[in-house]
Amino acid sequence: MEATPIISFKNVNKIYDNGTVGLKDINFDIPRGEFLVVVGLSGAGKSTLLRTINRMHEITSGEIRIENEPISQYKGRSLRLLRRKIGMIFQNFNLVKRSSVAKNVLAGRVSYYPTWKSILSLFSAADKQKAVQSLQRVSLAEKLYARADELSGGQQQRVAIARTLMQDPKIILADEPIASLDPLTTKTVMDILKRLNQEDGITVIVNLHSVALARAYADRIVGLRAGEVVYDEPIGQVTEADLNRVYQTV
Amino acid sequence: MEATPIISFKNVNKIYDNGTVGLKDINFDIPRGEFLVVVGLSGAGKSTLLRTINRMHEITSGEIRIENEPISQYKGRSLRLLRRKIGMIFQNFNLVKRSSVAKNVLAGRVSYYPTWKSILSLFSAADKQKAVQSLQRVSLAEKLYARADELSGGQQQRVAIARTLMQDPKIILADEPIASLDPLTTKTVMDILKRLNQEDGITVIVNLHSVALARAYADRIVGLRAGEVVYDEPIGQVTEADLNRVYQTV
Amino acid sequence: MTSQVPQRPWLQRWHVKPIGWTLLLVGLLIASSRMTGVDVGMFFSNLGQFTDLLVRMSRPAWDYLPVILQPLYETIQMAILGTTIGAAFAVPFAVLAASNLVHNRWLRGIIRLILDLVRTLPDLLLAAIFVAIFGIGSTAGVVTLAIFSFGMVSKLFYEVIETIDMGPLEALESVGANKLTIIWYAVLPQILNQFVSYFLYTLEINVRASTVLGYLGAGGIGVFLQRSLNQFNYSQTAVIILATLVVVMVIDGISNHLRRVLL
Amino acid sequence: MQTTISKEPLSLTLWRRWQWLLWLAVVAVVYTWAVTGLHFTGLQESAASVSRSIVHGLVQPDWSYVYNGSGEDLVSLILQTLAIAFLGTFISALISVPFAFWAARSGKEWLHVRSGSGKVVLTLIRTFPEIVLAIMFIKAVGPGSYAGVLAVSIHSIGMLGKLFSEAIENMDRGAEEAITSAGGNGAQIFILATLPTIMPEFISYTLYRFEIAVRSASILGMVGAGGIGTPMIFAIQTRNWPRVGIILLGIVLMVLLIDSLSEQLRKRLI
Amino acid sequence: ACGKTTASTSGSKGYTPKKLTVEFVPSSNAGTIEAKAKPLEGLLKKQLGIPVTVSVSTDYNTIVEAMGSKKVDVGFLPPDAYVLAHKQYHDKVLLQAQRYGVTEPGDKPSTQLVNYYRSQILVRKDSGIKSVKDLKGKKIAVQDTTSTAGWIYPAVEMLNHGVNINKSGIQTVTVKGHDQGVLSVYNKNTDAAFVFQGARNLVKKDQKDIMSKVVPIYTTGKIPNDTITARGDMTDKWQKKIATAFKQIAKTKEGHAIISSVYSHEGYTDSKDSNFDIIRQYDKKAKALDK
């Protein structure tokens, strides 16, 4: 397992068009099957970091490798195949509110279909079955035909996770998946992520504000400040004092 | 001090127009100078409880007394005077985003002025001075002339607190004042509330999701579930098990 | 792993709603095509005739420009005054018609009825009536545009007011402020920039409308548009259209800029 | 409690105050220009008697015109107006979609050349007088409501395209991102995320434009492009106020009905 | 819906309509007009034996353009519009409308059918203006510069009397519609107005005393009445057929009632292009006024 990391950052820098430094000289590896939590103040660069992994953002310099392949070379179809194996979960769920849960979940499968089929919603029976199973994994199968905007926040986030599962991802990126959820729902969502990590061996990377949650779920915590890694320790060695360093204002 | 409670609920019920039970047979007293935290799941009735205290919501039956006066009789000017002595802080700050911080803070003072004066922004020099002082108490005086939407979440919440201070309130009601703030800002805001409670003797009632925070700041914790008080203990006697009862799903 | 998979509701399984809507739409389309004698083939076979005028307009007679400058100014002036008067009257009505500020349903209902009625009056008819009352000229144009703008702006305004964030209102209410103060402190700052942008939007519409109003004698550039058409002098028509275009684009530009500045 | 405030924000306010004055000056100049530039005519000597006969005519509408089976009565012509507006708006909505994507500004493009040119084209279409359009179409397909339909459908692109493109600019890109990150290609993103997200606004704007088209279809009557407009203009020109009255009544009822129907539709669809 | 008009046009033989489209624009000197097309449709169909569609417009530009693009076969055009249509598309005048003449004072209809009308210069009776010469330095309400009765004729004839409307200190105010011209004099907004003879009748309903307060000081020469004009490429046979049809219609009781009440035409008389040379002359003179 230690052989090659599934993701590795080498001297990665990201400068936004307006000059804001998003990431500064990022260097670290993520081994296969890890549950990594990224913490940091608002604006520290957590979202930026996550989004460079599936090329939703382009980096300015350096190199990101996934399964030992530099990702900057991917284009068109190969980029879509890369994205297919990386599931992404968003803070605000990003569902099509007016479509049914079934449709939203099946949308996670689009990259397995030719365009015309997916546009006409001609999904195979097997995939429909898979959608039901994905929803069952997040205990939401009974909402299959409900419209997404009829669901509560926690339920919507679970639909988003089910959608991600449809991709059969090797990596899941979750950008503050539990902000604005209540403690109970938070626990449900984090537990599901942990289970996916442990049962299916999916590598999970989560951005969180809450240090308490990070300590409860992570294998390893990375702290960002102003785009730089200021902290990177396995969970056994995390101390209060270290984490406070992350939350120091600049 | 134990003489009369500053707020007391007697058999309070609140049923919304659409039939939802907001509060069910609420009975408890809040002594002057207490720091009370209300916890409960989403939809438990925390906001409803808070809002009945300054009559932003009307109750259906029962009686609420403030300083031994039943508040249901107030109308028009007397109601405005009641509200003046109760400061309210909102989860989403409720600032006028496009106005300056100064204007937002001074708005807390309007009930001391006749309409025409407040509309022409003819505030006395003393009150302008007071606005600066209020901002200094929340360490934000340097933002006096900034526009509210230029501030970060934590700064906006501090402006909202400064606005409340302008009222010279005897009671502060805070409805999830720290949701969606990062841990550092959360601490700042909660510390300010605690200081107001201890230094000025203002009675503070805060709705919170986080049990950890509740235990850190409260004198006493009240737990709601489905509109009912299921838990009411001074901070010394709070146990994990008790709190879990609050978070049981129904 | 055993939670229940629901039955797909009957309505959804047979796509009742989408099919129903589609049938209704197609039915209406067929009916109205019948009624208006739509014939797709004819349009395309006569495309040449359609473009004929465009070709004749493609050589604008620039020497006509000085002639139309004065009426163009007049059009802008009428539009500015008409829009301003209309918008000024619209503000109090909009406040009274907004359901989140006025809870008295009767008052709101009556105000809305008035606004709806005003809005239905065709601008052509207004122009004709005011020309009859005020005689030919700017007054009739200004009054027509004012009433037309009033109807339009008041609706846009109260819809904006209804979408404002009620938070600051609550905050001020909880501070103990009265209605007028609340409107001044919590409502106005929130809607000001939308008001400005709707004002400019209406101004733009009014500038364009005056090309039609001129037909009825309400002054402005429309008189010259009609004259050029009556003389079949399309190169003059082109100049008029281009000049109006410039005015509209300037207003559009100001509006975009202000929106960005005021945002 | 020391109360000094740093100088910097104060000087900022000073500039703001100046800026405010500057704006005020500009506005004052504009209004002075507007007011002094126009020659106002006061109330005419004949205004009273004219108004009286207008009011008299309006309160005593010409009921015989409502329906007489000739196909040239109020009811038939109002139906015709509705048909023109409906078809015209429908066609326009379809054509507007590509225009809207053309004119919508997106972060990526270079110097906004694409969206800028799209916006200019839409403005040109909007500014192009409906009457001239109607003449062009009458030349192509002959006088009648068909020409009216075409004129409405082209003219409406100007406004619908603008509204649509603004909706696209302001839309929530979340769902698009989700499909992108699931590996969807451009067409899949468009059909599965963009369209469902934007549809309610498109429909709502189309209904709004339909209401406007109903009201302004009367303009087309001026040039013989069908609808209730022609008899209205004739009645006005010959000062036949009872006739104007009944037409006005018809238009008001029609527009009120359309407004409330489309309000219902909007609620139902969104 | 308008038939295969283009297909049947072949070379010099000319165009034979299978289906006739007629468009109508009200003349500026009609007292009553109605936006009615159907009655005439029926009458013409009976006479010609082919389907007929009639439509109405308030603006003659569309008729001329539609005739130019062969979408309209026959148009009712005012004289000035005819001149332009002839120049652009070689359309051909078939008939001129007849109306009863107008007699002063009081704009009463005469008993004689004529194929011309006249223009008048109106002033207030109490204004002291007695002749064209008195108009110098005054304010005159005129129609658009394309209007025959509301600008061209009176302006040119004033020049014949030595008063150049553009030079003699005269201020012109362009108004819309002859009724507005009458009213502007009545309301003292202007000192005089150019209108067609009989325009005062338009406002008689609203202003009962119009005939006594506002009076003509000058009446111009004859202006040819509205035309019935056909597409230039129509065969002679059909031109004749259509002309005869209209004349027949005007003679029947039912037909006369309709054309009189809807278009205020009383009859039709044959016409030829040279009848309009007078208009062309006036146009030329009117253009020269500016120089």
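Lettered A, B, C, D and E in written order, each chain numbered from 1.
Here is the rule we go by: a residue touches a chain if its C-beta (ideal position, glycine included) is under 8 Å from a C-beta of that chain, and two chains touch if they have at least 3 such contacts.
In this text, all values refer to a predicted model and were calculated from it rather than measured experimentally.
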Look at all chain centres (mean of CA atoms) and spot the one farthest from the centre of chain A. E
Of all chain pairs, which one counts the most C-beta contacts? C-D
Could you grab the centroid distance between chain C and chain D? Build each centroid from C-alpha atoms only and quote it in angstrom. 5
Gap in Å, rounded to a whole number, between the CA centres of chain E and chain B: 80
Mind checking the centre-to-centre distance between chain B and chain C? Centres are C-alpha means, answer in whole Å. 44
Just the number, please: Cα centre separation of chain B and chain D in whole Å. 46
Contacts with two or more other chains, residues of chain C listed in rising order: 37, 39, 42, 46, 49, 52-53, 135-137, 215-216, 229
Hey, what residues on chain B touch two or more of the other chains? none
What residues in chain D touch two or more of the other chains? 41, 44, 50, 131, 135, 139-141, 144, 146, 222, 233, 239
Over in the complex, which chain E residues touch chain C? Could you list them? 1-2, 59-61, 64-65, 69, 71, 81, 84, 88, 141, 144-146, 173-177, 180, 183-184, 187, 189
Give every residue of chain A touching chain C within the complex, in rising order. 100, 132-133, 136-137, 139-145
In the complex of these two chains, what residues of chain B are touching chain C? 54, 56, 79-84, 86-88, 90, 92-99, 103, 107-108, 110-111, 115, 118-119, 160, 163, 167
Touching chain D in the complex: which residues of chain E? 1-2, 21, 23, 26, 31-39, 53, 55-59, 61-63, 65-66, 68-69, 71-72, 177, 179, 183, 186-189, 202-203, 205-207
How about chain A: which of its residues touch chain B in the complex? 41-42, 152, 179-180, 182-185, 209-212, 247, 249
